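Heads up, there are several structures right after this.
Below are two complexes that have subunit A in common, paired first with subunit B and then with subunit C.
== the complex of A and B ==
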């Protein structure tokens, strides 16, 4: 007696699932016949997100860069004008800040390439499996802690009575004062973005078969020639990928200059921050913020022209 | 002693005994942690020879090649090139070039740039370099492919580029590490004769590594057979096939039957065994004849392979060429009683 309702419910759900699986089957047959449709369905959500969040925001930024703010009422004046850009290029201060940011980004990138390459090479070619895991951990552990905490840590290292001078004293050297200088910024930036340089270079080096290295030696090339003719060109996509990180992250940063840069070390980001928050001049901020975008665009074009992406 | 004697025989038969020794490996040993990859290997390669290191994987043949190339350093022993000790020289100071199993072409360079790499390293003048690259590409029949990138070539073409990149340097010795291993059968056979043609043209000593016994027999002047890190026999292809030094060689080079008779062991190759139905005479006198029963008949197309149980229980493999198209008779032969026969002098006694 007990069985009956049970049996009935099973057979209903069976029928339902049969109908459902029939529908699923028909849909999957249609998708299988039209691969373009299934690709479109897969792509639609991320593409929609991308267009809305990235492209639309960038477009809004670029458009508002050609507007102005009424300095008296603070209201935005939507008349097209180049006055923001004229103000930027006409002012020695703004030019200096832009150049300082770009030069710092370049210096940090070069430093990180020089530090990361041998490190990644050691990890790929020479380290044992255990050493490799240990080095990976060492590279990644700093990323688990807060960016702010790490920059503050450097403040303590550079301070007058800080770790750096304590060590120098212990070794019998004079103390140095590099806190709140461009040198301090350079060191901190190079430290913070180093993992983002090591990882892509590691990935690029790992893809180079060892036999290419042997072939180069076999054909009479010594280590230096092998490095510049074979290893470096093939690792170039990794170097470029890493430099995109270190370069653009430095270009856009405004916290490190405040914390370890001290006075007279403003970055583009600080000017943008001041104009959005304090001066309420969003169009000017937008105009100034487009400088890193243009610089990055030029950098990528140059990298592409030099053939860095050819071996990808 | 045995190995040395056979080596002498080998060169005489190949007509190269007069040529000077160009590569001499003596007492070379190489260990990786606790695995002995190469264990006291001695070999002498004469100028112009096509010398093959043959053996199963892990037998030490590739390690020996890498030691000669300079990619590995021996723990013991001496490697001489053209009379000079090169044991401690790095690869770039040895007058040797290598053709790699995975081709190892530089993917960011064109075919011509790949071939020119070794010449540019040596500082060969531009004009001469260009000429020699064209010449090398012509030799491997890729004269119109100079501008291509390796990724745009087929496997066989890449192998040719690898070959051109090595021979363009005119090394004393060319090392080839299973160069045809990744190619399909047809292409491999084409490349085998191609390699022989090129060797005849450039007159460079070839030191060739393969695990394919047929390839070794087809191409080599002499073969050194490796097993467990040691050379177990050196000889001409006919030497190692017809007079294998031990049971391992007998079974590794071709298939063979090992017969135990009178407390001795004999090698008998399948193609030397004749099969006839009971009561039928063999067309040759002086044969040793035994009765047997066919256990299995395998049709291979060109021939049929039979597994026959002899009266004393030994199972031997025999092949019979499919002279006629009606092979059903032979295919369905399992279970029938037959006579097998061979010429007594085709038995080779194992030491």
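== the complex of A and C ==
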């Protein structure tokens, strides 16, 4: 083996690494002197991703909301117009569907708070360690099964010859026709999003020191007063955090209305789906889809004020 | 802050660019017939209804021609239209379009005329399906008819003893809360078909050509019907479950639901009432930008043969366009040719008003008809 090329290659790589390490040192010095720059470099990839995927998509959505579609050929007509928004706000049907969606989201949220609060309180304060583990499992196990499977299960429960009526008959009651109604939707939504309410409330309650309860009682407050003046205000951020989940998840859902809803059960999501899928009217769908966006924006602003994001 | 605004602006312009890139053209494509069917290109991409490209007849085709068939199933007519236009067209070669999609594909310039001389079985087709208005424009065959069938009135024979003779049954108070109809704007045509007979003063001649006044009358009837409806079904399986669980006793359906329910032992039957029925007629359509024209023509010739038409008909519960398929059907299932009315196809087909896309221009050339987007909006009003 010839020695010379070997030596040459070593010296080149040495020189190269010296140059490189010098460059690295210089860069690190600059970054150390200007912390803003290093933070910027670290944030650039995720921020770029966020802007490209999220903001650009939203921008495209908003822009196309002001276009129209040629109803026959399905080609998009890019003349700026407010006609989509006029159609939405001028039509009783579309106003009703938007209100129905928002009202259902609110009803489900309130129901879940009422169900989740005592449950979470029991888990934090009264349950033994073993009971707590068991309850945690009970809350989380449904999340392991598919959302669709659980909705279909409810459909079978509510059916005319379903489990519910079978039980009612067995107990000697009249059968009830609850399947394919808004009541059925309310029950299914409340069931499906309940774990998302229990978890944040549990986290919030767990952070309240027990000494505060004792102090309240020592100072002569009765149980209800301790609840309203001490526990509830301190647990409020957890309640709001949970409500963001249940509210936004209900607001954006369109599968449950298709599966368990009856006539007059369409949500905003169903109208969007129908306009994209059936009518091929993407601009109108985009205009209608901006309603939940605005509602959710307002909701999040209100939630931020209450400090809910501290416990999330 | 300055940077952020600039990045935002870049994001917005990018979004706009994406949205703009979809090309805009809208005129039927001109014919571009091949002289003969050449050697296959080795592949064929098709968009089809589920059940329209089963292995039992696709595999032999692949073996025979060397064209590997890549299948994409679509759930709705509109999905088919979207898929065929995707990426500027040309991603898919063939589509099994129904009559409510075919005209949109033609006028959107998405599909091209087919030379029926290259399809040997074309001459055996039911005469009404050789150049039907839903796939033939100005004498050019943009679609090759495939299979067809009626939308039927399905009912529970335990609860309803005598077969209903009129569509009035699904508008009847006595079945309040026990009725189901499809969740589809084209359902307006079904109601129009019934009203055309019940209220001749409205002057409805074609259920797919409704003036604003006629449409309002139909929508009023459908809004009345809403209080009787248990559920507007979106999937065939929804309706099957509704009948099985006793949630409904009567409804508008496809023969497919009847076959499936009967096979599961449910007590149901279907009928075509005296007013007639709406129905579907599917056509194979060739993309204007197809990359595998030889395989596409080979495929169209193959699926038009009596044997494949019979297999398809029995698999899905529908009627072939090829009248020669009768023998093959009876061979596979005795009496099935008569069951699907292929033996009397030329007269039976007249009872059916096939789906077609409602347009603003009526067939007499006037602009007084209501188009599909209006129907879609009205349908949303009906179901709320």
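The definition used in the following text is that the second predicted complex is superposed on the first by the 258 of 312 C-alpha atoms of A that agree within 3 Å, B and C clash if a C-alpha of one lies under 4 Å from a C-alpha of the other, contacts with A are read in each partner's own complex, and residues count from 1 in each chain.
Definition applied: a contact is a pair of C-beta atoms (placed from the backbone, for glycine too) under 8 Å apart; a residue touches a chain by one contact, two chains touch by 3 or more.
Just so you know, these numbers come straight off a predicted model, no measurement behind them.
Shared-chain residue A:179: touches subunit C; no touch with subunit B.
Of the two partner chains placed around the shared chain by superposition, neither subunit B nor subunit C is touched by A:134.
Once chain A of one complex is fitted onto chain A of the other, the partner contacts of A:148 are absent, as it touches neither subunit B nor subunit C.
The partner that reaches more residues of subunit A, of the two candidates subunit B and subunit C, is C.
Of the two partner chains placed around the shared chain by superposition, neither subunit B nor subunit C is touched by A:114. By the touch criterion defined above, A:232 reaches neither subunit B nor subunit C.
Once the two complexes are overlaid on the shared chain, A:209 sits against subunit B while remaining clear of subunit C.
The interface of subunit A with subunit B does not overlap its interface with subunit C at any residue. On the side of subunit C, the complex with subunit A involves touching residues 7-8, 10-12, 14-16, 18-20, 22, 24-26, 76, 78-79, 81-82, 85, 104, 107-108, 177, 184-185, 226-227, 229-232, 234, 241, 245-247, 357, 359-360, 371-374, 376-377, 380-381, 383-384.
Interface of subunit A with subunit B (complex): residues 209, 211-212, 214-222, 225, 229-230, 233-234, 310-311. For subunit B in complex with subunit A, the touching residues are 69-71, 90-92, 96-98, 100-102, 104-108, 117-118, 121-122, 165, 169. For subunit A in complex with subunit C, the touching residues are 51-52, 55-57, 59-60, 63-64, 69-76, 78, 87, 91, 93-94, 96-97, 155-156, 159-162, 177, 179-180, 258, 262-266, 271, 274-275, 277-281.
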